Each structure stands twice: as structure tokens, then as C-alpha cells.
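Each of the next two complexes has subunit A plus one other chain: subunit B in the first, subunit C in the second.
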Partner chain A sequence: MNQEATLTKPAAEQSESAERTRSGRCYRPSVDIVEQADELLVLADVPGAKGDAIDVKFEDGTLEIRAEVAQRQGDEQGYLLREYGVGDFYRSFRISETIDASRISAEYADGVLTLHLPKSEAAKPRKITVSAK
Partner chain B sequence: MAFIPWKNKQQENERGALSPMVALRGEMERLFDTFLRESFASMNWPTWGSDKWSPAIDVAENDKELTVRAELPGIDPKDLDVTVTGNQLVLSGEKKESTEHNEKNFYQSETRYGSFRRTVALPDGIDTENVDAQYANGVLTLRLRKTAPAAAKRIEVKAG
Partner chain C sequence: MVFGYRTPRHPFDQFRDEVDRLWTGVFGPGDGLRMGALRNQPAANVWERDDALLVEMEVPGVKSDQVDLSVVGDELSIKVTRPEVAENVIAYHRRERSTGSFTRVLRLPVEVDAGRVEAELHDGVLTITLPKAEAAKPRKIEVTSA
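Right after this comes the complex of A and B.
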């Protein structure tokens, strides 16, 4: 019964640069990525993480999401059902130059981290007027 | 994973073909994992082909209370419904897609939306009148206190 359930949350792939300072399992958050006219929206499910325990880092064209999740209960409690494991979340994305990395912003509510990745001016669609002679 | 693909129509098709398989694999993993731990009848059968999904829950107990936790990221607490009928605890609700991104121009869609319902059979001796429910950071926590167990009554056996 002590086997941790990993079914709803796949384990995170470890990147070479990732250095973990905590033991325990690390999960890969599920994300939705939505394209909008002027930005990409990334919605990542990180249930159980507190807002101040989420670390979003952009370095060398890679965007990293790291969320620490505290153990929710002492291990002395007897489990009758244990469907999900508790552990940190980690996921990284490669960001192309069409994203203006300096203006990336993030917000967090109800277990969902929302990242706004604004498109750079060069990548935005623009209409070119044809001047007739 | 890269954020480059919006010029690449082919990649979009590949992803479209892949996502049902990824979803299927997730369901299969869940099914097998449950199979290894649960009896056949109490299995949480997958719900393919419907918009229903099923949140993962933990149920833990100590000598004072029973704690039920459900991972429900991105749900407005107003859309959560918790009811106790007899010894059945029912969690239901709906995860709504926010209006700002329901235009369906997804690059990647891994999270689940729609309604869900989970039923938990409660053991005897639970005070169902005073259930404490809290939703924080995408996790719903229910605390159900145990009532004091009926004091054991000793019955004297008379020798006839």
C-alpha cells in the first residue's frame, strides 16, 4: 500500500542543469499551451504548491518551472486510499526567439500556474499595405 | 519541448494524432495501478469518450479524524459540491475552461476539463454533521471527525 501512485502525474524528466536540493519524487505538471494573437499562454497544473514556492526561471533560451510541494500529512496516518503522490513539480521548455523573454510574466491561482509569453514584435502578424502607383 | 512550432503545420498534425494515445496511456496506467491495489469492483473505471474526468484522491485516517484530499487544480470553489448521504461522501463539480482561452487554438492540451464525480464510502463512526472543507492551492481537503466509539458494554454470563 505504500507504493506511491504516479498515474495522474508522470515523473519529471531530469535535465542536466537541474539540481535538486530535496529528496523525494518529482512530477511533470500537465500543461495547456494556447496561442493568442499577441502571446502564448501556458497553463500548468501544480496542485498543492503554494504561490511563493513556485520558481519560474528563464536562462539560455530555456524556461524552467519548478514548484515545491510540502508533504501534506505526517506519515503516521494510515492511508485507506492513496491515488496521487505528493512531490515537487518540474518542467522545462525551450523558447524560440519569437518570444520576448524579457516580458514573460506569471500568475498563480487555485493550483494553476499561468505564464504569459508575449510574442516579440517581429513575430506578430502585420499587414503590409501595398501602395499602388 | 519547444515553442517553435507555429510555422510548422506538420507538427500540429502530429500532435493532434498523438494526444488521444497519450490520454489512453494515462488511463491505462491508472487502470493497472488501481488494479494492483484495489479489488475489481471498487475500481475507478476510466471514462473514455465522455467529457467526464476523475480527480485523484487520498483518504487517510488517524484516531481522531478521517481526511479526504482531492487534487482539483483550477476549479472555482463555487463550482465544487460536497455532499454526505448516509455513509456516502460525494465530491462533484465542474472544471470550466476560462473564457480567455476557449478559442481552441491549443498547441498542447494535457489538462482535463468538464464535470467529475467521485464517491467515497465512509466507515462507521463518522460525525457527518460537522465536515470541514477547505480548498487551497488546487487541493480540496475534507476533515471528518470521528464520533466517540460506543463504550464496550460488558455482559455478564450467568452460570445456570
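Right after this comes the complex of A and C.
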């Protein structure tokens, strides 16, 4: 029945650069990436993760999100209905926008990770005032 | 001719149909595994203890006052509302998180004590504990020898 769970919760694509050292399934979190005037807002669903078990990395234009999730029921537990599996979350993105990496900030509440990726000064829209002589 | 050729069904599909059919029997029509996935409803896990049924759902981004639970007869309904949080949007580069209200109705396989149902919400995981009614609890029967 484990395969069934991936219908509603997709498995993470295995990244070649990083090999996992934890056993168990790894899932791909659902995300929104929202462009706002001065930043990119990333919302990622990582239900069941504790705030201190979430790892965010931004390097060479690649954003990586990793969240460890502890099992909530033992394997021996007989499920009457099992529509999703519980496991770690992993996902990475190429961010083409120019980001000011030093000012990236993250918050976590209610199973949602919120990342603010401020655009660097050069990438911000600029209104140019035309002075009349 | 390509389209005249019928491939046999994948054994896993056959297995899945079998599982769907089984669970439809337990939880009533409309709550088969595949139905929930199709309608984009929050998925649920249900398991059993001697004294209670446990229902768990992943509802990230939902606060406790955005969850409505009710038990009527043998049906548990769970309504969750997930608000839109992004403002001043120029463009969505990805939009995978659905928002709005979702209702899930589960038919309970045993009688529960509706007055003692408890629910907890932690880190986007909703756990509902439904204590079984006295009549539904397993009972150990002593065998006396004459």
C-alpha cells in the first residue's frame, strides 16, 4: 500500500549530488513561488516537521529545502486507510532572479515554511524620474 | 495498428482496484483511496487502537479555528479552510498549494463516543482521537473450567 501514498504525495526526485543517509521515503513538498515587487516569496508545505529540523541552503542560484520528519506511527500499526506516507521532504530549485543571498530570511509556522528571497538592487524595478528643465 | 492493440492491465492497477473495492466497503462509497486523490481533498490516514480510532490529516497552513469537525451517526466530517497568504503578487512561478475549503467525510467502521472526540493540530498535522463506544471495545472473555 506504500506506493498508493505517492499518488497524493509525490516522492522527491533523487538528487545526484547529495546521497541520503537516512532511510525511509522522501517526499516532494508542494510549493508556491510568488514574485513580488522586491522579493521572491517561497511557501513550502512540510507538515509534521519541527522548526529545528528544517534546512534551507542557497548556493550558486540553487535553493535547497530539506526537512526531517519523524515517524508518527509505528510500522506494525494496522492502517484502516492509508492515503499518504510520512517521511522527510526534499526539493531544490534553480532561481534565475538575482537574489541578495545575505538577506534571505525564513519563518516556519503550522507546517508551512516561508522564505523571503530579496531581489538584489540591480534586479529591482526602478522608477526613473524625468526632470524637466 | 497502434491503437488496435490492447495492453493487459498492469498487475499493480489490478491490485489497486482490489484495495479500492475493499475500502469502499469499509468507509462507504466516495471515500475509496482514489476518490480523495482525484478531488484534491486532503488525504487521511486512519488506524485503530483497542480503545479508539485515530484519524490523521496533513493540513499545512491551517489554524485550529479553520478546522470544523463533526460526528453524526457513523460519519466524521472534517472541513478545513486554507487561506491565501501571498499579497501583491506580480506572478506565480509555481502554484501547487491549493487554497479554499475542503470537506472530507469518513464513514467510521465502529461506533464511537461522539462526546469524547478530541483533536490536536501540531505543525500542520491534524490528529483526531475517536474513543470507541463501550460496545465496540474488544472484551476478554474468561473461560472457566468446571
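As a convention for this text, the second predicted complex is superposed on the first by the 125 of 133 C-alpha atoms of A that agree within 3 Å, B and C clash if a C-alpha of one lies under 4 Å from a C-alpha of the other, contacts with A are read in each partner's own complex, and residues count from 1 in each chain.
We adopt the following convention: a residue touches a chain if its C-beta (ideal position, glycine included) is under 8 Å from a C-beta of that chain, and two chains touch if they have at least 3 such contacts.
These numbers were taken from a predicted model, which means no experiment stands behind them.
Visitor: Regarding the shared-chain residue A:99, is it in contact with subunit B (first), subunit C (second), both, or neither?
Guide: It touches subunit B, and subunit C stays clear.
Visitor: Who does A:82 touch here: subunit B (first), subunit C (second), both, or neither?
Guide: both
Visitor: State whether A:126 touches subunit B only (first), subunit C only (second), both chains, or neither.
Guide: Neither subunit B nor subunit C is touched by A:126.
Visitor: After the superposition on A, what does A:117 contact: first (subunit B), second (subunit C), both or neither?
Guide: first
Visitor: Applying the document's definition of touch, where does A:48 land relative to subunit B and subunit C: first, second, both, or neither?
Guide: Once the two structures are laid over each other on A, A:48 reaches both partners.
Visitor: Contact-wise, after the overlay, does A:36 reach subunit B, subunit C, both or neither (first, second, both, neither)?
Guide: both
Visitor: Residue overlap on subunit A between the subunit B contact set and the subunit C contact set?
Guide: Shared contact residues on subunit A (touching subunit B in one complex, subunit C in the other): 1, 3, 5, 7-8, 30-36, 40-41, 43, 45-50, 72-73, 77-84, 110-112.
Visitor: Mind pulling up the subunit A residues that touch subunit C in the complex?
Guide: By the definition above, subunit A touches subunit C via 1, 3-5, 7-9, 30-37, 40-41, 43, 45-50, 72-73, 77-84, 110-112, 114.
Visitor: Of all residues in subunit C, which touch subunit A in the complex?
Guide: That would be residues 12, 16, 19, 23, 26-27, 31, 33-34, 36-37, 43-48, 53, 56, 58-63, 85-97, 106, 109, 121, 123-125 of subunit C.
Visitor: Over in the complex, which subunit B residues touch subunit A? Could you list them?
Guide: Within the complex, subunit B touches subunit A at residues 1-4, 6, 26, 29-30, 33-34, 36-37, 44, 56-62, 66-67, 69, 71-77, 100-101, 103, 105-111, 120, 135, 137-139, 141.
Visitor: Which stretch or stretches of subunit A touch subunit B in the complex?
Guide: Within the complex, subunit A contacts subunit B at residues 1, 3, 5-8, 30-36, 40-41, 43, 45-51, 72-73, 76-84, 93-96, 98-99, 110-112, 117.
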